[in-house]
Amino acid sequence: MPNKILVFQSDFGLLEGTVSQMHGIAMKVDPTLRIFDLTHLISKFNTWEASYSLYQTCHAWPEETVFVSVIDPGVGSSRVSVVAKTSAGHYIVTPDNGTLTHLKKHVGIEAVREIDEAVNRVKGSEKSHVFHGRDVYAYTGARLASGVIDFEGVGPAFPVQDIVMHKIIDPVIEADRVSGVLDIEDPHFGMVWTNIPLETFETLGIRFGDTVRTVIEHEGDEKYREVLTYCRTFSDVPKGEELVYNNELGKVAIATNLGSFVEKFGIKAGPAWKVSFDKLV
Amino acid sequence: MPNKILVFQSDFGLLEGTVSQMHGIAMKVDPTLRIFDLTHLISKFNTWEASYSLYQTCHAWPEETVFVSVIDPGVGSSRVSVVAKTSAGHYIVTPDNGTLTHLKKHVGIEAVREIDEAVNRVKGSEKSHVFHGRDVYAYTGARLASGVIDFEGVGPAFPVQDIVMHKIIDPVIEADRVSGVLDIEDPHFGMVWTNIPLETFETLGIRFGDTVRTVIEHEGDEKYREVLTYCRTFSDVPKGEELVYNNELGKVAIATNLGSFVEKFGIKAGPAWKVSFDKLV
Amino acid sequence: MPNKILVFQSDFGLLEGTVSQMHGIAMKVDPTLRIFDLTHLISKFNTWEASYSLYQTCHAWPEETVFVSVIDPGVGSSRVSVVAKTSAGHYIVTPDNGTLTHLKKHVGIEAVREIDEAVNRVKGSEKSHVFHGRDVYAYTGARLASGVIDFEGVGPAFPVQDIVMHKIIDPVIEADRVSGVLDIEDPHFGMVWTNIPLETFETLGIRFGDTVRTVIEHEGDEKYREVLTYCRTFSDVPKGEELVYNNELGKVAIATNLGSFVEKFGIKAGPAWKVSFDKLV
């Protein structure tokens, strides 16, 4: 029995009816579906952000939830359209363009099916080549979430090892230092989230209240150097001061209490932004 | 049997509780309604945009879906409040202020009823004259979508020919040229959508890969002139280049691949923006 | 029987998956819940605005609706997490940080329970101290809205008189003048809403079409002085002119017809912004 939950993500914005057409197509498939929006404000064409957002969010949803993710800079081109089943039991309907990177790396992809558009495409939509979010992805997602088709009904099997992946950098431990990269910034509150798991960080013997020398470099240029305290939560430091903490995903992160670290120091995120923490004794 | 789907559109924005009050009133009428938001970011008081947005979106939704559209610069004045039934079987609850223009022109309006506020207005709301979206439109839409009233129960019949219409300009074919206007811009990705149907365009004998001289004028001033290729999709041209394509509504459109045509060339949309395509031999 | 309606409010923004995780946790508790969003664009950390927004909105919703409000600048600190039951029969799940101010003052709080995190916290979330919106508030709200727990099941009783309150200023009548403060501005259309109830205003004998001398001061400096007409609705004055009217909450308000009063005159809202209306004879 499918759980009938269908969650949409895109870079379509909220200004007009693009997203609503996807909702409508899903309602045509099955009006008892439970429709949600993850976000439609992914930066335009940014498949890294799309991938991270799914990794950040899917785990909070019930097994069998179907996610439709439409960040699709190559819409209508030869890029493949797929449905991935994660090891946690979620389904992701998406173009195969890097959007599955973090789920594959951190959660695991159990199997992938390529969408057979002969079956899983809105009838009569064949002349449109620029809105597969509506004509293919929303439609296929709705059919899967409602039980009209099962996972096999999506189309032929696609090799998991062939999924398009962004490059992922792993954190490194040496002596009293752990280093990694700034994976993503919180675009609203302005924290930065590293790729360093809490467990890795704690193997250095760091506990709440300990201090760490925190250095951020961008392409070799030092952009930030400070001794910070590893805190339980933001308000463990005064307003406007910085801290290191465990974010909602079990990763080490850096914030300014009641302020924006990103704006205050001109820091961004991405593979070119390296971060290191040295335990101080 | 109504399908219980109720879709809201407005120019109320997302910053505070105005939209939520409309949702709440609908839930008071029938908690089994399926509530959706088309967009609440229509430009303030812009009934042209409201009209286009409904035309762009309604077709994707099941028959009998009820749309509540509240772009209402004359709230509380003598403008009439109506429910229109389209030839496609959708219901639109709206002030009669031009919001029904495109649906009437391109889809057809089968019948209109004027809302009888003696029946279809939240009890106790009589002293408020500035939020008919909540007190009249959401309430009436919810009653119709849930089956508390049928279409006749909205109020007395209203002549379809009396609906307030914006002026619509039709495209023109002469020899190897088709000309029209820029109906609307995509406010997020920055394409422009013309009023020229794909079939009209193709009667010139233009096929994918053919080139057309594309000219855009604003009140007689030439703003853009270029030979563009008619493409299946954006990525048929390199990043940052322009193309002509068939948009999601079966209309000819102009885009910059992975960029914004509107921003790059300072183009806007509206009846003063003329466009023409010449077939090149 | 709970009505299964769960409404979320936060200052989390719409850019990424924070809100969606709260939705997901609720779906894990009970996939038949009816989930809504009031707004997620409350100004960051602004518990006054959060409080006003609940007061503005809750009354439109059915009794027993559960609101989860996460404006939580002290997340993870010693601030108490509570569920309040209002005299209108709504439940508010929130940190106790001023968010309940307007509901307590204008609607009444019948009883409060402190959330017992030993029971009402997502299992396995104990190591995270920065996302109680997901781990505690969404989870508790979903359990209450679905009937998994009743109000007593939230945790021990908390004294209503101990709720954290913002200072509220009451309006004052003297002779032919009523004075108060600008409680809040409409951040989208740019009206300002006073704390003066319509009934207080009308005790001066003011009726539609009467004129009032309207004065706004900020910390003793006069910022606006004009004779305005008390109108039924915006379009009772020409485009671009100002008016006094009864807003959607039964409070006296000031607007510019088809314009923004706030932008035009540089007016803001808050306890430092005093307003007075003198009846003219």
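Here the chain labels run A, B and C in written order, and each chain numbers its own residues starting at 1.
Keep in mind that, in the parts below, a contact is a pair of C-beta atoms (placed from the backbone, for glycine too) under 8 Å apart; a residue touches a chain by one contact, two chains touch by 3 or more.
Here the structure is a predicted model, which means the values were calculated and not measured.
Contact topology of the protein chains: fully connected, every pair of chains touching. In this entry, chain B maps onto chain C through a rotation of 120 degrees when their C-alpha atoms are superposed, rounded to the nearest 5.
Centre-to-centre separation between chain A and chain C, using Cα means, comes to 32 Å. Across the assembly, chain C contributes residues 14 that each touch 2 or more other chains.
Against chain C, in their complex, chain A makes its touches with residues 3-5, 7, 14, 34, 36-41, 53-54, 56-58, 60-62, 65, 186-189, 198, 232-236, 245-248, 250, 258. Residues 12-25, 27-28, 31, 35, 44-45, 73-77, 127-131, 134 of chain A are the ones that touch chain B when the two sit in their complex.
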